[in-house]
Amino acid sequence: MTAGTPEHTDTKSIGEDVTSSELLTIHSARALAGRRVVFAGHGLPTLATSLAQRTVAPEIEIVYESGVTGARPPDLPRTISDSVLVPGAASVIPMTHLFNYVLQGQRIDVGFLGAAQVDRYGSLNSTLIGDDWEHPDSRLPGSGGAIEAMAGAAEIFLVMRRHTPRTFVETLDFVTSPSPHRAAQSEVGTMPAGAGVTHVITDLGIMTRFAQDEELTLTAVHPGVDPAEVVRQTGWDLQVATDLEATHAPTPEELAVLRDDLDPTRIYLR
Amino acid sequence: MDKTMSLSEAISAHLNDGDTVALEGFGHLVPVAAAHEIIRQRFSNLTLARMSCDVIVDQLLGANCLTGLIAAFVANSSAGSLYELRRRVEHSDPEPLWFDEYSHGGMVARYQAGASKLPFQPIASYRGSDLAQKNPRIKAVGDPFGGPPIYVVPALNPDLTVIHAQRADSAGNVQAWGMLGIQTEAAFAGRRLIVTVEEIVDESIIRSDPNRTIVPSHVVDAVVEVPRGAHPHAVQGYYDRDDAFSRDWSAMARDAESVKQWLQTNIHDTADHEEFLALLGADHFDKLGIRDAYSTPVNYGGRE
Amino acid sequence: MDKTMSLSEAISAHLNDGDTVALEGFGHLVPVAAAHEIIRQRFSNLTLARMSCDVIVDQLLGANCLTGLIAAFVANSSAGSLYELRRRVEHSDPEPLWFDEYSHGGMVARYQAGASKLPFQPIASYRGSDLAQKNPRIKAVGDPFGGPPIYVVPALNPDLTVIHAQRADSAGNVQAWGMLGIQTEAAFAGRRLIVTVEEIVDESIIRSDPNRTIVPSHVVDAVVEVPRGAHPHAVQGYYDRDDAFSRDWSAMARDAESVKQWLQTNIHDTADHEEFLALLGADHFDKLGIRDAYSTPVNYGGRE
Amino acid sequence: MTAGTPEHTDTKSIGEDVTSSELLTIHSARALAGRRVVFAGHGLPTLATSLAQRTVAPEIEIVYESGVTGARPPDLPRTISDSVLVPGAASVIPMTHLFNYVLQGQRIDVGFLGAAQVDRYGSLNSTLIGDDWEHPDSRLPGSGGAIEAMAGAAEIFLVMRRHTPRTFVETLDFVTSPSPHRAAQSEVGTMPAGAGVTHVITDLGIMTRFAQDEELTLTAVHPGVDPAEVVRQTGWDLQVATDLEATHAPTPEELAVLRDDLDPTRIYLR
């Protein structure tokens, strides 16, 4: 951010006029530089991928779980199965092909996911909160296609709207989508094809990991964010990179594309 | 062979209490009117197979039609929670629910095995997932080609499958476009199959574009014309999704009593889908209109 | 990303001696021009995967490009025998051929496993067939759901797959109609993929009918415009099958020397597919014309 | 046949003006009475199915291995993958669906096949002739989809143009498509879903069997054919039904449809 950037607060406003959603979307888009085939969940991943296409990754091809590839929707899709994605798309393939040939077929460069909880190796929980699997405190949506995205994509980017000790946890209440580190501890089943979660973009900063047994490391914080605060907001003993960087503030160009072209009615940029 | 009938006839002829019934459609072409007719006819003890849930799951639960659910995603799409479902799962309220849980890829594989009359389908995911621990029906087989054991999921063969599509001829050659979900596999996996469509058309329309057929007639037991049969979901080329309806459902269904009242007014007190739609208001679909966008015709020409 | 290139460039960039190459198309949309270019560039030691054989198998054998064949039907469709192939199999003349044999269902399952990156695919046939005895790669796994052991066939992942289609855009979104064979699975199973098409069209044509796309662009390495690239097979909406050509091949190929001469004149002495076609005669395609039969457009309309 | 029918000879002419092909086609069509979903190989099975549709089985739906269902070709298809089958067809489904969901999916009432050799239980050889599998005397086309048709269809009808001891054999040179009787002797694999071969139509007569361990029994001979000749032309000790019948001669109506409507240019009716 520019001069006058306030300290990070827990509200949605990051700068005078940059919201947390905008910040997350812009940093997610930047992480996609040079990537080509992206499997995007709805919401911020879709926005981020569209932004990347207009900025750092013009050749990007978005693939939706509903089977749509190369969509150019006239209106922002409200879900991954919004019929607005279809007119003008490059293809709508059957769901068997999407799951068997594209995801399991290892055709995805980056899978862009969210989750309720993440652990230090990037295993994800989107199934339940509580310690009784049969009667959880909160039943969450479940895997959907997240297990298959984790197993088949070369990398997973994770976007988490709120970085807290309840979302960045030592032990997941339920391992929905296992990291390669976790999968390697089992002796049954096929090892994930890719590296698992390599980038986590949160409202506080960015964490990365690249090898199976490597932990997520804090590699950048947003301007004004104290790295010690990120460690406090993380449920495990978070490693901090020695060459920790500050992220670069959103540029006027990025904000303009995002606000004026991609989400003018503020469906996702709350 | 003419397989057209009314929705009421089709459901009563092909569904029995205790059946496993698949209602498929991935946020598009969802057989909502058929779900309502199942409620209207007060079926019970059903197990619902539905890869990705939505309001009809809450409605069938609220109407006490279901004792089991086979699914991979149990929220109301992006519109919020399904509170009837959460009450069942979190508190067994009003009764427990047998929940057979997979991922979307697992459900795809189950339907594929069912359609193919195979006992199971291998799947490359699940290694290290608690889902494989929680669900004893996710098993493994050895790999005779030298790899590690691989997970497999069992075939799913519903007693009845219902799908919704844009159009069919009266013999049951079904055509659909836009997002097709797992409907073809669910159709072939079913022991019986009902297809509801926006329009029954002359066979010459179907036969002008045979690659558009997603299910051939010999698989179909009943064809039912039900315009707007997928509301609040979209039908490509016919109407848009009704997000307000889905959001309002999630807000309303926090209260079990409200669900009961909604079901009484909207389902039990209406004779059929047309009456259900009438309660939405005469101009309700005006705001769900679409802009036309026709495909470029292709040439199917063959030998003269 | 523009992936268009010449056939000569595409084959030389993506094929290597010793590769397994899949040329698929079931009596329709067969990548014949690509097979000829493989011969023209004198590739050797290839293993050909081709579910259902035809003249190009005899031609590739006669040109000594192949040391292996993976197939399920080894006649010249209904036009007779493939004598180059029979000489190899019956008499190892001029050399032995490694023949990895399946049924059509087995080849479908092998490509499906390959496209799905699974080690194998179960199949309900083969019990009691000598094919399962003859081919050690047809194995069995136990059924953890209580049935008898079930046969499985291994994944097939060709180094290069080539398919032919009616049209694509320059990015490689491929559209085809009529009989589609196993092309989509062969395309996804391939480590590299070349698509030859009758026409490269503007992306607006492709995008007016996205359900018609059989292979999305991210799977495609090269797109090549090769009109009449499937002759003597048909292309729906473009030209009819040339049965006389196929029958004449079976008669001629009884004599190995005639095959060599044919290859010299028609392949090695021609620079490309256009010159090959020119040898057929200027009016050759007149008698292979088709009667137009256009599909009824469908409405892809969505939210305004 | 009617009065004046000559003795059966080994030529193609059966009656004064009824060829062997016509006879086989007409009896094949009659066997389809009441059947609905028929998987037809090219040639006589296609012709027979079309004839049945115009006579004894108006609701019949032909399914081709190429994925075409409900075809109404303006011209006689020359193979199962003739593009003439497509315009005006009810569907063209992907080959994965045809093999996995229709054939293996047990949606076929009758599969109509040919073969080079058949044994007493209806196992078929279409792979090779000779006793050295690696270097056969004659390499035949192979299974194609025959193994899957045998395994998945409720019944198989077999049409054999020439009934000889070299085609009706005690022991097949190669078991391509096994009968349920043969499959039952193995302990590996899935049992066939149907009954295997139930009808064999030849130039001499008709054989039937209905249960797994039942042999083919001669149940009818064409007019003028001596049952002892059929036994002599069969490579095993052929059972002859005690109530052996003579087949009814082709009717003028059947011949008219076949010759004038279905194959006026005599592509198959050689």
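When the chains are written out, they are named A, B, C and D in that same order, and each has its own residue count from 1.
The criterion applied here is as follows: contacts are C-beta pairs under 8 Å (C-beta built on N, C-alpha and C of every residue); 3 or more make two chains touch, one makes a residue touch a chain.
Per UniProt, the chains are A, D = 3-oxoadipate--succinyl-CoA transferase subunit B; B, C = CoA transferase subunit A.
Quantities reported herein were computed from a predicted structural model and do not represent experimental measurements.
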item: Comparison of A-B and B-D (more C-beta pairs in contact); value: A-B
item: Chain centre separation in whole Å, for subunit D relative to subunit A (CA means); value: 59
item: Subunit B and subunit C: spacing of chain centres that average the CA atoms, whole Å; value: 37
item: Distance from subunit D to subunit B - Cα centre to Cα centre, in angstrom; value: 40
item: Where subunit A and subunit B are represented by their mean Cα positions, the distance between them in whole Å; value: 29
item: For subunit A, residues that touch 2 or more chains besides their own; value: 68, 82-88, 92, 100, 104, 152, 193
item: Per-residue multi-chain contacts in subunit C, two or more chains; value: 112, 116-118, 123-124, 140, 147, 150, 177-178, 180, 184-185, 208, 211, 234, 236, 240, 293, 300-303
item: Pairwise touch network: line, ring, star, complete, or other; value: other
item: Full enumeration of touching chain pairs; value: A-B, A-C, B-C, B-D, C-D
item: Touching residues (chain side subunit D, partner subunit B) in the complex; value: 36-37, 59, 61, 63, 68-70, 72-75, 82-93, 97, 100-102, 104-107, 152, 193
item: Residues on subunit B engaged by subunit A in the complex (per definition of touch); value: 26-28, 52, 71-75, 77-78, 85-86, 89-92, 101-106, 108-109, 112, 123-132, 134, 140, 147-151, 177-182, 184-185, 234-236, 240-241, 243, 293
item: Interfacial residue positions of subunit C with respect to subunit B in the complex; value: 116-124, 139-145, 147, 150, 152, 154, 166, 175, 177-178, 180, 205, 208-209, 211-212, 234, 236-238, 240, 289-304
item: For the subunit C and subunit A complex, residues of the former touching the latter; value: 1, 112, 115-118, 169, 171, 173, 184-185, 188, 203, 206-208, 210-211, 213, 216-219, 300-303
item: Complex interface listing, subunit A residues touching subunit B; value: 42-43, 65-68, 78-88, 92, 94-96, 99-100, 103-104, 123, 127, 133, 135-148, 150-152, 174-179, 182-193
